[in-house]
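Mind having a look at this structure? Questions to follow.
The chains carry the letters A, B, C and D, assigned in the order they are written, with residues numbered from 1 in each.
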Amino acid sequence: MIKIVVAGFKGKMGATATKMVLDHEKFELVGVLDPFEEKLNLNELAEYPTVDVPIFKTKEEVLSVQPDVWIDFTIPKVAYENTNFAIENKISPVVGTTGLTEAQLAELTDRSKTLNVGGLIAPNFAVGAVLMMQFAQKAAEYFPDVEIIELHHDNKLDAPSGTAIKTAEMMSEVRVKKIQGHPEEKELITGARGADFEGMRIHSVRLPGMIAHQQVQFGGVGEGLTIRHDSYDRSSFMTGVALGCEKVVHLDKLVYGLENLL
Amino acid sequence: MIKIVVAGFKGKMGATATKMVLDHEKFELVGVLDPFEEKLNLNELAEYPTVDVPIFKTKEEVLSVQPDVWIDFTIPKVAYENTNFAIENKISPVVGTTGLTEAQLAELTDRSKTLNVGGLIAPNFAVGAVLMMQFAQKAAEYFPDVEIIELHHDNKLDAPSGTAIKTAEMMSEVRVKKIQGHPEEKELITGARGADFEGMRIHSVRLPGMIAHQQVQFGGVGEGLTIRHDSYDRSSFMTGVALGCEKVVHLDKLVYGLENLL
Amino acid sequence: MIKIVVAGFKGKMGATATKMVLDHEKFELVGVLDPFEEKLNLNELAEYPTVDVPIFKTKEEVLSVQPDVWIDFTIPKVAYENTNFAIENKISPVVGTTGLTEAQLAELTDRSKTLNVGGLIAPNFAVGAVLMMQFAQKAAEYFPDVEIIELHHDNKLDAPSGTAIKTAEMMSEVRVKKIQGHPEEKELITGARGADFEGMRIHSVRLPGMIAHQQVQFGGVGEGLTIRHDSYDRSSFMTGVALGCEKVVHLDKLVYGLENLL
Amino acid sequence: MIKIVVAGFKGKMGATATKMVLDHEKFELVGVLDPFEEKLNLNELAEYPTVDVPIFKTKEEVLSVQPDVWIDFTIPKVAYENTNFAIENKISPVVGTTGLTEAQLAELTDRSKTLNVGGLIAPNFAVGAVLMMQFAQKAAEYFPDVEIIELHHDNKLDAPSGTAIKTAEMMSEVRVKKIQGHPEEKELITGARGADFEGMRIHSVRLPGMIAHQQVQFGGVGEGLTIRHDSYDRSSFMTGVALGCEKVVHLDKLVYGLENLL
């Protein structure tokens, strides 16, 4: 059993992480941390009536339960201090808080190497999305003809999505440069052929009902290869958090990005 | 058994139609027509060694076998004369030749009514494509939020495809006018949101390997409805030709467009 | 503006309906009904702080606000009485409560005809699902080769889903009977070819993450036609409830089933 | 430019390979081999009127044009002798002929190591299909919930397809064992839940019009990941043959299976 503490357990992500740890057969929740919660035990809160786990106010108190892993979904300033504290006390951090600076990341990574402590900081914990991007990059080596169709709810402001652009960038690193489509193709209505990213085309669909979906579609002579990710729900991130908790205890330094654990 | 003659049996479409008639359990091939073929019987040709069916040189000869249906895949000028001749002789025409003028169509239709002869002239015999467009139109009454994704091989010149534009036009007849997407949405790369057809968006994917595919995607609160047609092969038209042959013998006039038989 | 009252406004469906009416530009919420709610106005409840709409305890009180439409998401016994009351008072009922008996339905329909009052009782308000089934039935006339793939979350007990079976039944009414697949096909692993419903095959996929999806897939020579419905969320029913409210005021009798309004 | 010779250039695969080499900008066709062809140059054949390339009758003659790569689509007995001959003469073989014995493969591999000659023998050259299987295996490490839907034309005899079974086997090597679906799930019609392969379900769809398609569908909490391969045409194998030709000249031994080059 991996002993885990969750910092920021009252936020949306922190609460979901807390439940994941409670439900996971390989994990034991040994404490949660929030300086502003007055209660002393989870069983005093309406959401966790039968869960006997201490609520800590300060990071120093956490040491009393000797956790192996420190999950952190707090705010950047706090996350930096917490991660530093965890490393110094040989607790492996799994940090989902975004917004740490490059300098902070570098410093934390150095310290983790010195102290031989594994850890993970990740801006995105969706395992499926990360795999989609890795697979797309791999396929782009062999199939330079590729288009991305990304579909989101219709109150999204930006098109293409950040994930679509990141996927295109990753494919661009390995793909033979190529302008796709017929050299003399003609748009009868402007925009039909989508956004042009180094010859790859990106199409952004916006419809009510949709959540967050992306399809990377490759074409070769006589064949097609499609990789699709559907994200239905915030809870999808938890597969990645759980994976992080299992892996960090075997690492000897802090890594940045879930893709480095897959 | 419906007795059928095929005019233009040596062209690509005519040959496919001839084979369809031979294979269909409700049809009997009673003759084929081509003024330039010297042989007198299909069994003299390499493709049909065991098929004992007369080859006619003139349309008048066809009358000797008393067909119920006249399938025509010739050229516009011939098709007009053939169709006229068929109607006058109470043979139901099923005409795939494109390029008849509006005046010719009107005249043929009038004659068919006078003589009480059923018939069909259709620019497109793909039953699946016609159903897709009909379903899309119906759904657009209830779901004004709709985008079209059409996918073709990468040597297609025009984008969007003719079918996509026709589908959008049909939906536009019944759809409540609506600009889709967020009012403040922003294209980070031009074209991401596709072609704008009265607020509906059309996305044209072009990839090697693909043939001809179209997906009409509707979104409503908490749900999605998708209608997709895949055309893999010219032979797909034959389902519509067969359907036409079965239906025209029960009609009392010439109709234009397969959709009127569905 | 159509004036609407919602009975059963505190249940899940009733609450969603109440919000839909408040948000809809053609509707005016003139009252809600719940015999057990002590407050007198929606603005006394935490969910509706700014909504000044009376809460009624008895159906008789409702008459004071002269609604055009009576939305009912209560329990069967109450629903029957409410619907009867609405009809007698020339208010058009839109009833989502399931469990009315055939005798009750017949009686209510008779009364509505006598009094010339439009209304709708529907076990399923998902417009997209109803359209999918209608389209599938239509396509089955032309494409007897069809398989259904339905995908649900993995805590669903029954396979195939009720919707899949109903879709197959509807197709069966019009489809030429046909055993699909190769006559000598062989299952290397039992079950590979799915459930056999009069020769049509049904495949049930169960995976975490999925919600409720169904794909009806037709094959013809050289082509394919696919109709897919994705249900992401209970709120999808509201499109149908809204549609019902708009249509019933133009009807002259009670109808059963949303499909009769599409 | 890589200089290439094609053995078995008159068979279906060999002819497709010959055309691929002629069209490829990095390849030069320096000869073809067929002991039964009487003509001496491709330009004497109707298919290649303008291609001036010698036709050889014996493998010894091939040495005169000093090829870098020897593509072989012959029959097993000949393929073994040809491959052996190519290796001994420091020509890199790319062999698609199936049916070599394990002993022959071992012997050829040993010889290639001794002589430091790269080469490839592959039963399957479809790059897309191989990538699909590799990606599926990788994803199965993180998502043990997975079902396979494979779709083929309706004259296929076996279900599931060989590719589906191979994919399941590959996933089984890395996947945490798990019975999928609800423990108490119930098939209302036998077969609905598909073929059971160690808890993973496989569904085989058979429809006219389809060619060869496979979809591997993973589910996780709140998300889905789908990998799909569509094979439209025999020509799809040529991407893999071309890839083989480019890679073997940099290898120092014979490898078996295209997956080892991806």
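Everything below uses one rule, namely that a residue touches a chain if its C-beta (ideal position, glycine included) is under 8 Å from a C-beta of that chain, and two chains touch if they have at least 3 such contacts.
Chain labels with UniProt names: A, B, C, D = 4-hydroxy-tetrahydrodipicolinate reductase.
Note that this is a predicted model, so its numbers are computed, not measured.
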**Prompt:** Of all chains present, which has the mean Cα position farthest from that of chain D?
**Reply:** C
**Message:** When contacts are scored as defined above, which chain pair ends up with more C-beta pairs, A-B or B-C?
**Reply:** A-B
**Complete:** dist(centroid_CA(chain B), centroid_CA(chain C)) in Å evaluates to 36
**Prompt:** Just curious, how far off is chain B from chain A if you go by their C-alpha centres, in Å?
**Reply:** 49
**Request:** At least two other chains touched by the same residue of chain D: list those residues.
**Result:** 209, 218, 220-224, 230, 232-233, 236
**Message:** Going by the contact rule set out above, which residues of chain C touch chain A in the complex?
**Reply:** 209, 211, 230, 232-233, 236
**Prompt:** Can you list the chain C residues touching chain B in their complex?
**Reply:** 126-129, 131-132, 134-135, 138-139, 142-143, 218, 220-239, 243, 262
**Asked** Which of the residues in chain A end up touching chain B in this complex?
**Response** 145-147, 149, 151, 154-160, 165, 180-182, 184-197, 201-210, 217-224
